[in-house]
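What follows is subunit A paired twice: with subunit B in the first complex and subunit C in the second.
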Partner chain A sequence: MYNGLSFEQAPPISAVMRFFLTVPIFGIMLTLLVGFHPDEILIASHPLSLASIHVMFLGVITMAMFGALFQMQSVLGGCSIPNAAGNAFLIHLFLSIGTLSLGSAFLFVSPPLFVVAAVFLGSSILYTAKLILPLLFRGSSHDTLRGMKIALICLAIVVLLGIVMASEYANETFGSLHEAIRTIHYSFGLIGWIAVLIIAVAFQVVEMFYVTAPYSSWCKRYGLLIIAVSLGLKAFWTLLSLPFVWMFDALIGALLIGFIATTMKRLLNRKRRVSDVSIWFWFFGIGLLFVSLSAYTIYSLSGIELFQPMALVAFALFALSIILGMIGKIVPFLIWFHLNAAGYMDTPIMSNIITHTRAKLLFVLFVSTALFTLVGSLYHPFLSIGAIMGSAMFALLLYNIFTALALYAHTVRFGVRFDCDTEIR
Partner chain B sequence: MILEFMRDDHRACDDFYAKAENALSAKEVDNAKEFFETFYRVTNHHFDMEERELFIAFEQRTGMTGGPTQMMRYEHQQLRSLLESMKSALNENRHNDFFGIGESMMIMLQQHNMKEEQMLYPMMDRALEDSAEGMIQKLREMAK
Partner chain C sequence: MILLDTRELDHPIPMEMAVNAFKKLSGDEVIQMIHRREPIPLFEIILKNGGRFRSIQLEENLWHIYITRSKTVDLEAIDV
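Then we have the complex of A and B:
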């Protein structure tokens, strides 16, 4: 129960880094898809659009969140994931194969690949939920842990519905509930998995790392619960084709606006005023969430189709912004932490692992990618420029992670170690 | 009860660090040194409160001597070492080193605080329920 309290029980560096290292690789694949097919990518239900969406949400966002979960579980959950290295290897391998298969299945309209994707993604994600959820239900509980539980349960629902839809694609026959299942699938994925996990983590991270006023305890206790209940009711309403289903979207939207306002207020009034790229990613990400909600509201009220893809693109960029800010901190920290804990005397400080210049350049490239992609969702020629910017951004992310790992490997191989007997070898 | 008291103390320590960091980035070196000195003192005092009173009472009540409290002591040692490095960097005017080490220290300190606030202090509140008020009084007196 108390394993997570030990630094020695922290997951091995490979368990976390394999996920982070794969993020930019899928990111580059995504930008290639967008760059070469800017006109088809935003057409709803087009194979290229579906391939891109799944590469983005599985290969980039879920991949990064799984890496973060492996790291956070021991800190926030109170006990580390058993056999973290072996489990991370399998989950990562299956998630990568599953994402590639699903992307290819949509691209090449290949029924057998949908089966392969369902097997690998189902195994990877359901196994992750089965591995982590019991740990979260054990021992003490707090608001962030409750959010993590909701997020993982929603993810399990997303993948189960995904398997149902994959079997429909594999058989090339679609049941009468296909549209309803699709709506529930993406609602639980976007809100239940991604938004809930980010909000739950924000409740801890924003207050503690930027030294801000705490979020209200009502917000922390009931906000995510109301989102979860709204999602459940929305699913029920959708399956039975009941009227006024929009009221659940409105309720969730209002809670997300509340999150935007309270987080912005806290970040603006934070006590740590030192300029830090991670805070820029938070500000920009929160702004993107606002753009996403605004675009979705305009689409819902006016029915102008253009705003629907814009809402989805802005939401994906919101999640990516928070993820990039997190990776920029967690990667150098993990390198420093593992070398320092192993007693290497020449352990580099964090700012020498990923320099401030490269961290700022990544932010500039991300902002350019986001702006061109958002404008491109309304006026397609800009999408290609967004894709070029995105390729450069993911290439720099890959370089940052790769050089950090190279520095780690170099220090482990040639570094001078200080052991318990104060002998230097 | 213990949770609230110790969590407030964590936040008070963080405030001094934020002030030191803000002052140094505004090139107010003397203010930065003063705030960091206070942060250094109150953080070490916080560790002392835990190690000399709280952990011992918890261990005596539960019999858990090799569990979470032992791990927290280990983390205190690591954090103390980082605080010393930061103090040297500040006194020797190696400001980039101060910020660089501070980045790691802050992440490590906040992870440590999260573990205490989410697991250890609630466990202590349960274990020491009848004597928690007396314990807090004792901790308050340590500050005098």
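Then we have the complex of A and C:
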């Protein structure tokens, strides 16, 4: 122990990688749904649309974020997650079963499957919150950790409301508050869970990975707090059907625009102009967030229905862009770190674990997927092309993660261990 | 003293440089790493491979980290 921190805190590689490895599998399922049903997928409240949305936000985005949470909490929080391997196994299993059940429940309009989904997703997500939140409150104070607390609390609210709605779908009766609960459910999910977590992670990684100026103290201290309070007030206004609920959306939108501007400025003024694919994902992702906010603003002001799905699609792509960029950085790091910590002399260098060529190809496929899907949200035939591109992209992601793990397994089996005493005289 | 000034290098280059230098250390050699943050994962690699380190924060974004594999070098005695 040094400085009060434990250095035996990194979770086992399996705890994090099982989440990342599952991301492309759900991604491929999603592209199949989109590819085979391009006309139904963007109709609000259509079973196919709801199935796709939940596969995207649970199977792809939340799956990746849980993997990142397991890693970041241990390193930043200064205290490791107890029995990380066992807990990750259970949480991952329940999240996977829950996501599959919920997607199937919507697809096949099956009331029993809504119950199964509520049990598994509720268990997985609430158990994650119960496991990690106390560590976050107990551990060191850090802007990113504060953001992670807010995000996890919002996610717990999302799943509780989700359970209420799942019971409504299971009983095929909808209460008078159904629409209000639905609005709060997706607002807390999209903004409170996804946007807050990405912003909190940005506070840490943008500066660290790209040697930029740090975010302002005000932004780090109050930005996410204001978003959380706005979401809480929006929920209250929505439940009581009070007027001017849009003012909370406007406030959150203004803060997100501030995040876009301040992140862009930092990335553009970074000290080292090294070509790194992950930074392209950040630029593109931030651009997609701007598209999402613009589309939502147009929809809110004009009422043109076409822009609502576009806003949602752009938001999902924004989150996916950041996730792909981060997976491209974290996976090689984890392989390299665990091999070095185990003392392997012939640990490959990080840039050889996922090669630059494959990382670039992933970016090109992602950009193609995003552009075709966004245009497809306005003109549906393009959605099928977006789905084909998306399948190729997720297949490549699966290949990248799988080959990285194969390299890890090969080094563990055949690698030469570092002898601690050889050189010491 | 082997000097590694990694303040201007983006992650993960500082970690790779430090671990590579650590693997080549011999005798009473010490690495002095100057970095803009405390590289906590690096410490786990050093400790698990029989090394020792001393980490000192001099300013908000300035850390000096001393690393050795020697069992006799007194890292606390190094004048920072």
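The rule is short, and it goes like this: the second predicted complex is superposed on the first by the 411 of 425 C-alpha atoms of A that agree within 3 Å, B and C clash if a C-alpha of one lies under 4 Å from a C-alpha of the other, contacts with A are read in each partner's own complex, and residues count from 1 in each chain.
The rule we apply is simple: contacts are C-beta pairs under 8 Å (C-beta built on N, C-alpha and C of every residue); 3 or more make two chains touch, one makes a residue touch a chain.
Worth saying up front: this structure is predicted, and the values here are computed from it rather than measured.
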Quiz item: After superposition on the shared chain, which partner residues are touched by A:142: those of subunit B (first), subunit C (second), both, or neither?
Solution: first
Quiz item: With the two structures laid over each other on chain A, which partner does A:211 touch: subunit B (first), subunit C (second), both, or neither?
Solution: both
Quiz item: Which holds for A:75: it touches subunit B only (first), subunit C only (second), both, or neither?
Solution: both
Quiz item: Thinking of the overlay built on chain A, is A:274 touched by subunit B (first), by subunit C (second), by both, or by neither?
Solution: both
Quiz item: Between subunit B (first) and subunit C (second), which, if any, makes contact with A:350: first, second, both or neither?
Solution: both
Quiz item: Which of the two partners, first being subunit B and second being subunit C, lies in contact with A:336: first, second, both, or neither?
Solution: both
Practice problem: Please identify the positions on subunit A that touch both subunit B and subunit C, taking each partner from its own complex. | Solution: 2, 5, 7, 75, 208-209, 211, 271-272, 274, 329, 332-333, 336-337, 340-341, 349-350
Exercise. Please name which positions on subunit A make contact with subunit B in the complex.
Key: 2, 4-7, 75-76, 78, 139-140, 142, 144-145, 204, 208-209, 211, 271-275, 329, 332-333, 336-337, 340-341, 349-352
Quiz prompt | subunit A contact footprint on subunit C (complex, rising order) | solution = 8-12, 15-16, 19, 23, 25-27, 36-37, 40-41, 43-45, 47-51, 53, 55, 61, 69-71
Quiz item: Which residues of subunit B touch subunit A in their complex?
Solution: 11, 14-15, 17-19, 21-22, 25, 67-68, 71-72, 74-75, 78, 96-97, 99-101, 103-104, 106-108, 110-111, 113-115, 118-120, 122-123
Self-check item: Interface residues, subunit A side, partner subunit C - complex
Solution: 2-3, 5, 7-10, 75, 208-211, 214, 271-272, 274, 276, 329, 332-333, 336-337, 340-343, 345, 349-350, 418, 420-421, 423-425
